[in-house]
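Heads up, the next two complexes both have chain A, just with different partners, chain B and then chain C.
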Partner chain A sequence: MNRTEIEEKLKEIIRPYVQNEEAFQNMTADTDMLRDLQINSAHLVDIILDMEEEFDIEIDDTTAEKMLTVGEAIDITEKLSQQE
Partner chain B sequence: MTDFTHILDQLPYDQPFLFVDKLHTLTEEGAEGAYTFTQNADFYRGHFKDNPITPGVILTECMAQIGLVCLGLFLLEQAGLKPSPLRIAFTESHVNFHKPVFPGETVRVRSEKVYWRMGKLKCRVIMYNAREEKVCSGELSGIIRS
Partner chain C sequence: MKQRVVITGLGVVAPGGVGVTEFREALEQGRSGIEHLAELEELDFRCQLGGVPRLTDELLKSNFSELERKRLTAKGVIYGIIAGLEAWKDAGLPFPASTEAEPHWDYGCIFGTGMSGVNTLRDAIYKTDDKKVRKLGTTVVEQTMPSGISAFLGGRLGLGNWVTSNSSACSTGTESVIMAFERIRDGKASILLAGSCDADGPHVWGGFDSMRVLTYRHNEEPEKASRPMSATASGFVPGSGGGALVLESLDSALQRGASIYGEVIGGYTNSGGQRGTGTMTAPNSQGTQRCIQGALQDAGITSQDIDLISGHLTSTMGDVLEVRNWSEALHRSGTGFPMINSVKSITGHCLSAAGSIECVAALLQLKHQFVHASLNCEDLHPEIAACIDENRVVRKTESHKINIIAKSSFGFGDVNSCVLFKKYPTHEPNGN
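Right, the complex of A and B next:
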């Protein structure tokens, strides 16, 4: 799966949790999921679980805690799916 | 038989907002406990006028205290984590209400863990009345960490 495909799938995963629709429409790699998209921090856990299922990867808690921007989420997914 | 008093002692609630009397079961996978609604609880004066019925928010709170918080305290203990200082927050509730609960009724709450990850506990929770009828059910989540 290439970066664009990962990004598209990630967008679908985070969409239900987004509180700021405008920031979601203008999303870039630097978009912060908590600050910009105003996702409730408790929902980040759901996003991580959804990513693990969708991409068939395992994200450990330390890595998950570092995943703040959309770009970081894509980087982590890309790196972990190459290890599979 | 374990009475789980040590878990009840750690609950951060007190009257008039404690909605757990007893815990019957606590495992890594779920919890079961009971509560009897106080006949003359203050909220019955206004919900509803001359027609006391336990408010849905109170039923939800009761489900959360037994199903999420008691289970969460048990999971923290099993993981060897000290529950103090305890940080808890109720984050999500999706509940359907099926039957009214009147003053003095005893309910049984059963919760089943969906996941516990990074301090977030999500459970499927069902409340039954003394006639074993389903009173309300749904999914609740909260953050519980030390």
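Right, the complex of A and C next:
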């Protein structure tokens, strides 16, 4: 799966959790999921579970803590899928 | 100073009657919501019938955001929330944005439940035992905790007063109304959303099936199965759903110009202590009668003032004892007995949801001045016929002038609740 495909699927995953629709429309790699998209921090756990299921990967707690921006989420997914 | 308390909003999710309009039709037409459930047959249940509210996608979409729909799986929780939101809307109350800084400090919610989250809990148990606890996500706790419904409604509606949940088995719904009534009467809240809910399916009903308290004689004729007060009543039919009522101080209702369904004039809750004839599952008659009399005393009325009894009446052998207890508590019998009917003949026994669904039915009858048919009691139990005139049992829906309805609910643990609703006079402000 290439980066564009990952990005598209990731967008679908986070869309329901987003509380700032405008920031979502103008999303870049630097967009912060909590601060910019105003996703409830408790829901990040659910996003990680959704990503694990969608991409068939395991995101450990240390890695999850580093996943703050959309770009980081894509990087992590790309890296973990290549390891599979 | 004691506040007068009125009902200004109703919401209901009942078997065969989702939403107040459809529920009122079911009551007026005496339309049963009981059906045969293939799942129960496959699982070798003795009773293969149940009452399950049917929710459309449209209804779910109009009540929940995409994220909420994704997160919510607990059936009872969903029924309760939909009923609660309908009642709030019906009362013409605001739906504040989540960005609003302050909650309404005088608005609260008391929403009871039994086993509303059992299907969600079941999935969580499987995952946990399969060493997948980290896959549970963040929705399990809020959907399986008893206060999950009041917590959701409190957040959605911005409630800053009492937000809690009560649980007293099949007495839960009526109890929640009485709790809300007392708090508003005491002047501690101006508006409380009261109600209750319960889930359906094999994991809620299995225990009852095994206890042999459900009927197994009518699997081929679902509509005939729930037969309160009948000589051939042979156990209850399990149901599910949610009911909700907006209780409000009369002052607040008048100030808002809210439409009034009726007034709550008194209520009482107690327990028979599982002494005398009382056990975990059977009532101590003394307790039941004291509960009824306690409600009368609370309201300051006499037993002669009651026009209609909306009984607990589950379609078991307990119906005979219940009617006798009413007769003894009210000192009324024969043709002098009030009219009596049972919502459970239409919906089945909706367990923790029963009391609130039946309170909604009581308010609809009061507001629209009719009494609904109690189905399937053509063959009235001879011991009931020996106690009260058989014409006092309402077998056909009819228009009636009714002023006061007594609604009672009784539950496992020998617990009782009785609430009294009065028609709000048309000549008073906001009467219509």
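Just so we're on the same page, the second predicted complex is superposed on the first by the 84 of 84 C-alpha atoms of A that agree within 3 Å, B and C clash if a C-alpha of one lies under 4 Å from a C-alpha of the other, contacts with A are read in each partner's own complex, and residues count from 1 in each chain.
Rule of thumb we're sticking to: a residue touches a chain if its C-beta (ideal position, glycine included) is under 8 Å from a C-beta of that chain, and two chains touch if they have at least 3 such contacts.
The shown structure was predicted, so the numbers you read here are calculated from the model rather than taken from an experiment.
Asker: So, A:A64: does it touch chain B (first), chain C (second), both, or neither?
Answerer: A:A64: touches chain B, not chain C.
Asker: Once the shared chain is lined up, is A:Y17 touching chain B (first), chain C (second), both, or neither of them?
Answerer: Second partner only.
Asker: Output check: A:A42 vs chain B and chain C. Expected answer is one of first, second, both, neither. What do you get?
Answerer: Once the two structures are laid over each other on A, A:A42 reaches both partners.
Asker: For chain A, give the residues common to its interface with chain B and its interface with chain C.
Answerer: 42-43, 45, 49
Asker: So in the complex, the part of chain B that touches chain A is made up of which residues?
Answerer: Those residues of chain B that touch chain A are 89, 91-92, 115, 117-120, 141-143.
Asker: Name, in rising order, each residue of chain A that touches chain B in their complex.
Answerer: Per the stated touch rule, the residues are 40, 42-43, 45, 48-49, 61, 64-65.
Asker: Could you pull out which chain A residues touch chain C in their complex?
Answerer: 16-17, 42-43, 45-46, 49
Asker: State the interface residues of chain C toward chain A in the complex, per the touch definition above.
Answerer: 65-67, 70-71, 135, 137-139
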